[in-house]
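One chain, chain A, appears in both complexes that follow, with chain B as partner in the first and chain C in the second.
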Partner chain A sequence: MNAPASSAGLHVADLKVEYYTDDGIVKAVDGIDFAIRPGVRMGFVGESGSGKTTTALALMGMIESPGKVTSGVARLDGLDLLSLSDAAFEQHRLATVSYIPQGAMNSLNPVARIEAQILEGFRDHGAPLARADAQRRVASLLEQVGLPPAVGRMFPHELSGGMKQRACIAIAIALRPKLLIADEPTSALDVITQRRVMETLGRVQDDIGSALILIGHDMGLMAQFVDEMVVMRDGKVVEHGDVRTIFANPSHPYTRTLIESVPSLERRSKPSRATTNGGQAATNGMPLLSFDGVSKAYGQVEALRPLSFTLAGDMPCVVAIVGQSGSGKTTLGSLVLGFETATNGRVTYSGDDVNRMGRAAVNRFRREVQAVFQDPYASYNPFYKIDHVLTVPLKNFGMASSREEALDHMIRACESVGLDPAQTIHRYAHQMSGGQRQRLMVGRAIMVKPRLLVADEPVSMVDASLRSTILGNLETMKTELGISVLYITHDLATAYEIADYILVLHKGSVVEAGVPETVIDDPQHPYTRLLVDSIPWPDPNRHWGAGGSLDEETQSVAEADVTQPLVRNEIEGFRLA
Partner chain B sequence: MLRFLKRLFLMLLVIWLAASLNFLLPRLTDRNPIEEVIAASMGESGGTMEGIEEIVASYEARFGLDQPLWKQYLFSLWDSLRFDLGISISFFPERVSTLVLQALPWSIALIGTATAFAFAIGTALGALTVWPGAPRFLNVVVPVIMVLAAIPFYLIGLMLIFLFASQLNWLPTGGGYAPGTIPDNSFEFLAEVFVHSILPILSILLASIGIWALSMRGMMVTVQGEDYMTFAKARGLSGWRRFWRYAVRNAITPQVTTLVLALGNIVTGAVLVERIFGYPGIGNLLFQAILVIDYYLIYGCVYVLVLTIGLSLMILDLIYPLIDPRIRAAG
Partner chain C sequence: MNKPENVSHPTPDTGTKPATATRDALVSDWGTSSRRLRTVLLYLKRNPNLTVGLVLLAALAAVSLGGQLVLEPKFADPLANRPKLPPSWEHPLGTDSQGRSMLGVLIYGTFLTAKVGVIAGLIGVAIGAVLGFMAGFFRGWVDVVISTITDVLLTIPPLLVLVVVAANLATKLDTNQMALIIALLAWREPTRQIRSQVLIMREAGYLKTARLGGTSMMGIVFKELMPNLIPYLMASFVLAMATAMLASVGLEALGLGPQNEPTLGMSVYWAMFYGALLLGMWWWVLTPVLALVVLFVGLYLVSAGLDELANPRLRRRRQ
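== the complex of A and B ==
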């Protein structure tokens, strides 16, 4: 099906990309066809390794050895992309095909000002600008992505994550390309920032009228943003079509799995916990964890305002602490773990102040309170094999007297999170995927039989389908092992799925608290409403901004009261004071 | 401004500590320098050892060595501040400051030039070796340079002397200029100095280029894995820009730290080379001073050493924010 050379938009036919490795030829992209008209947004969905990013690289002439485009035609407004020489392709990147990177955090040159990084695009594509003209263009590009002109004079480290991503968009659209390729542009951002960046991207695309490819694995984001969708698996297109049709009636089982792996209101599986109205005493005896007027300030910055709660522990529950970056949620986690000392108030574990424990109490505390962190890549010491990683806690806490016993523990730890012990124990961390590493971190935590787990964004860096597996692991910890979980996240949707109770944190204060059904189905605080409205639901008919535009909502959050939390119900085992 | 004052204070603190240590350390040995110098000269002139005590005592009074230690200490601190480093024992009656100031330019020129060249060549080679599309001949040059880096430079120096000076007779064996020449500003004299500096500079170059190349290579590999390199390529930026403005610019920052520290080591770094080539620099001077435990001269040399290191650290602290904007925020 060769597309006519003159037709507008991108036409790809029989594209094949192969990688020549020691283990043979890997068909990364195995004969795919698709077309995108100008102004259309196309989503490319699939797991890592499905070929979606390789397709994008091929369209940018950036397949590098040992990879090779072995067949196919790709025409963009008649231009035969795949027959271009390397030098010619260099001229077309940015000018014709432009790319918006995934890791906006590190995608900008740290030693150059934003304006310089915008202008070098003009210069290297034969269109250097006069000084006065340059300033004007920088300002107008920044304005297009909603950034003030002053950003031009700034260095990347002076910008927030969302601002960096918008700066990347400004850089990428400078030459008004015909095709924009956005590679998971919001994967590390919280929902509100994500919504802002995606709205910016959509507006900019409308401005320049280009075709757009959005690569990602988040079906929710796809439902909110794209017009058409290509679902890829093992280098092949398994489904292709209009986004509404695909969501309404997915024809391939793999598509169905992807859609179902997104947490959604309708599919909340477990029955909600019995709620109690009004204040009930925590439990008889010492609560497992209690905050007593705890606050934390870094210099002048108040990271956490005075907060009191008790977690009983005899009735295990998952408490989600939800908020954007800068809301104080990670500070809260650090306080629980004793990594930070409270400025005021006391954090106690089983009655002991976590910062003033004796040796024996510390040892017990370290075993009974485990943590799983956000980045499974940085959580491992690259010099050690997994068996070492797992043996250390066993030794430290005197849980194994012999190698056999230790091995037994390790095997069970792997199995508890669905990993094959034989495939895991004798490997190095870098030989495992991000998802495997994160599951192993959960398994490691389970292994030492804790009573409390602090999970700080445990699923924000793994594929969507693994997300539900890991969340399932956390769920199992609670129901079968009686472990309470503090689940720290910016993602209300996953909190909705596994939490028994939700605290919404904004600017260091709890603004709203309650069981998920109350907080998420009927949010009362403007900030909670903004968070809920910004969740990318995997439903093309339930749109972002149903509750008003982002600016309006942000305005009402700014005006809202943050001093008194809205608490409508409580559960047994956890009590906010 | 506050930042500058803070650095200045830190530098003075370092200098004070070093000055104190330098005062104390030589006095911990039980050898008496005056006795040794006199004994040596008497040995040469065939005099007797009779009455040596009185002579020693009178010289000790002359040099202030009969004073209580704390007094000597305070005096030495005060003198250090005025850069009055006393009178050399072994080159009596030359002043230490004169000797040091005579030797210093030779060292700065020699080691400074060698280090600057080694840095520039080594960094460029290291950066190019891991840059795709760099010239092929580097694949041969770089391993050779790396091997040379494993050989100590005094050994390279000896080999160079053997080959170019004693076998081929192309270049002089050592010295800053030919014996008998009177230093002046004439072109002939400068040419002579240049010819004499070729072998010492070459030995330092050969030995240290590989080290610069190796560390730059490592940084370049790290930098090339960064997201901003991918994004730069995806934006179709020219290879030239990606190499200089992205890769080298980011990889070079730790190199600059090492460079400034290396320049601070001009004085000590030179001891072996200057000794082998008989170069009239401060390293050679320090070596001679240590041989006869010339307190004042040792102290003078080390004082200059501490000053240069302290000064270069301060300069580093002050220029680093210009090299890496991320430091500016940290203040």
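== the complex of A and C ==
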């Protein structure tokens, strides 16, 4: 199957990449064919290990030993990429095929100015520019990616994550390549920044008219951005076609699983509060948790403005606290857990001030309030095996009186989140995947059986397919164990899926609150509207920016009032004062 | 390759016990001491540096400590034997020109030199660990005071101080005093190393996990932080010990060591002083030098092996 040598765009036929390891040959990419015309955006989707990044590396001539391209043709405007020598490929990297890396924060040189890093490409490709010309090119490139010219004189640490990613785009397009490869360019960014970066990327691609490959596992982002899609699994293409066709009618079951793993408005399983087993109220008739004019300042920076609410606990509910990084949501979580002390006001747990508890009250508080944190990699003490996170609470809270009893608890904790105990408790944390670790953290919380759980971005670092599993666990905790959950997230879509009540936090203040149907289906505050508009819905027909352009929306957020929250409805068990 | 991990309906059941048979078959030896011993042995097999280093040091210790049971200390003293004897059955390592048995020097000298290293290293690491831990854990003015003093003292070349102190005491010096003099400056590097480690560890996410598990402040320091510090403490100790022994051998080779004790460094000094090689008495030079080489190579290998232990990510996987 030979691709026509003369036709424009990228033509790949029968590409195979194999890795020679001690355990045998791994077919990372196993005979794939596809073609991209100039100006078209192609999405590569699949789990980690499916071969999507290896495909991109092959097109960049960057497969390293023990890997090897064993067969195939890849022609870009007639140029046979796979037959180029290493030295010849250097002439084409950046100039013909260009790459936008995953972690912009790690791929920029920390000691060089942005302009120097942009100009490096011109220098390496035999076109050193005169000083004035160079300045002009840098300014126009920065303008293309929506950055002010002053950024050229800055160092990477002076830029935000989104700005760094856009600087990476400027570097990648400097030589007007024919093919752009973007490898999960927004994976560490919040939805608004993600939307900004992706809109920038789309615009510059239109400007230079190159073909574009977007690698990712977020089906929502794919639906918003690409024209065609390739779904990969175990090195093979399982589905390939127009993005609308695939979303409307996925033919492969794997594609269907991927699409369904994205939270979506249509598929919301309304948590049935009526079926819960009754709540875990504080025994003394006091509300489980209450904030009384609580604020927190770090020096001059106000992380959280005065906030008051009560969570009764007798009617378990999931309260989502939604906001971007810097909105104060994690500070709020730390205040609840007693890891931070409020600057003003009081955080009380069943009547006791969280920071002024006696010994007995602290013990009870620790047992009854648990948390799952964002980073499953940092949550385990590397010195101990996995079982340590389970044995510590068992011992400290006196939950087991013998080795057998402790073991029973641990086995149930593993099984409650679908982990095999025999494959789990003898291992070290670094021998498990991030998803497995995070599930065990949830299992640990289930084992301790708290009354209140603080879940701080529990799914932002795990694969999409695991998200719904973990969110399902949280919901089970509410409905079957009667645990109230504070769900802290930047992701409105997941909040919509599991929350009973949503607080939208912006710059330390609650700007809008209500049940998900009100807040998300009919957002009133401009900031909520911006957040909702920036959700990458897994639906090619529902586009970003339905509520106007990003700049207009940001402008109206800046002008909006943040002092008085818009509260439209209340639920039983939670009251915002 | 990762399969999508699907668990549709997790059931956090509370009452039922898992089947005993399953439990026993899968995880029967969890938490038992035989399991722990097996883990240690398997680990040593995967870390040849540590194993070989420990074997070298153990062999030297066996010779030195075992030898003390058979050979009396006076054999290492001058005039105890006929001088200038080459190795023979009666004197396996020969004797020097003043009648010391070199086997006696090997047995008692190695012990004395190692003792200087252990005493100075232990004092240095103990002081350094406490200071470094306080500086890193409490921050604030405690950190400022400790760090400033450490940083200033780090600029002083240790040999300068040691030569001055030792030269004033030279004739009356014994090995214990020697160790104390060296310990005067041996805590500076451990302080810096431990402080930087504690600075990193105090922000670790697992401390939050431990607090949620009801661990007290003391528990966090001793059960969560300290175990992670142990490899660094051990590596610091090995390093401090090697540095201290190097300093003692250096001082002794300059003739500033204890005149009346047969340490390895003093033997090297006497061998140079009396021109052992010119007299063709190779055994006089070779014995202390070989002992020193085994000692330092052993310490180096242990230190390299501990490096790997300190970072579990580098720990080799089970075959």
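By our rule, the second predicted complex is superposed on the first by the 562 of 577 C-alpha atoms of A that agree within 3 Å, B and C clash if a C-alpha of one lies under 4 Å from a C-alpha of the other, contacts with A are read in each partner's own complex, and residues count from 1 in each chain.
FYI, a contact is a pair of C-beta atoms (placed from the backbone, for glycine too) under 8 Å apart; a residue touches a chain by one contact, two chains touch by 3 or more.
Source: prediction; values computed, not measured.
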| item | value |
| --- | --- |
| Chain A as common anchor, with chain B and chain C clashing or fitting | clash |
| First (chain B), second (chain C), both or neither touched by A:T476 | second |
| Contacts of A:H92 with chain B and chain C, given as first, second, both or neither | first |
| Partner chain in contact with A:D234 - chain B first, chain C second, else both or neither | second |
| Larger contact residue set on chain A - chain B or chain C | C |
| Partner chain in contact with A:P287 - chain B first, chain C second, else both or neither | neither |
| Partner chain(s) touched by A:D375 [first = chain B, second = chain C, both, neither] | second |
| Partner chain(s) touched by A:L337 [first = chain B, second = chain C, both, neither] | second |
| Chain B versus chain C as contact partner of A:N106, first or second or both or neither | first |
| Touched partner set for A:S416, first chain B, second chain C, both or neither | second |
| Chain A to chain B touching residues, read off their complex | 60, 62, 89-95, 98-99, 101-103, 105-112, 120-121, 124-125, 155, 157-158, 168, 171-172 |
| Interfacial residue positions of chain A with respect to chain C in the complex | 47-50, 234, 254, 257, 261, 337, 339, 363, 366-367, 369-371, 373, 375, 377-384, 387, 389, 392-393, 396-397, 403, 406-408, 411-412, 415-418, 421-422, 425-426, 428, 430, 433, 435-436, 439, 441, 446, 449, 463, 465-466, 469, 472-473, 476-477, 480-481 |
| Chain B to chain A touching residues, read off their complex | 226-228, 230-238, 241, 245-246, 249-250, 323-326, 329 |
| Footprint of chain A on chain C - complex, ascending | 1-2, 4-14, 17-18, 23, 26-27, 30-31, 204-206, 208-215, 219, 224, 227-228, 312-313, 315 |
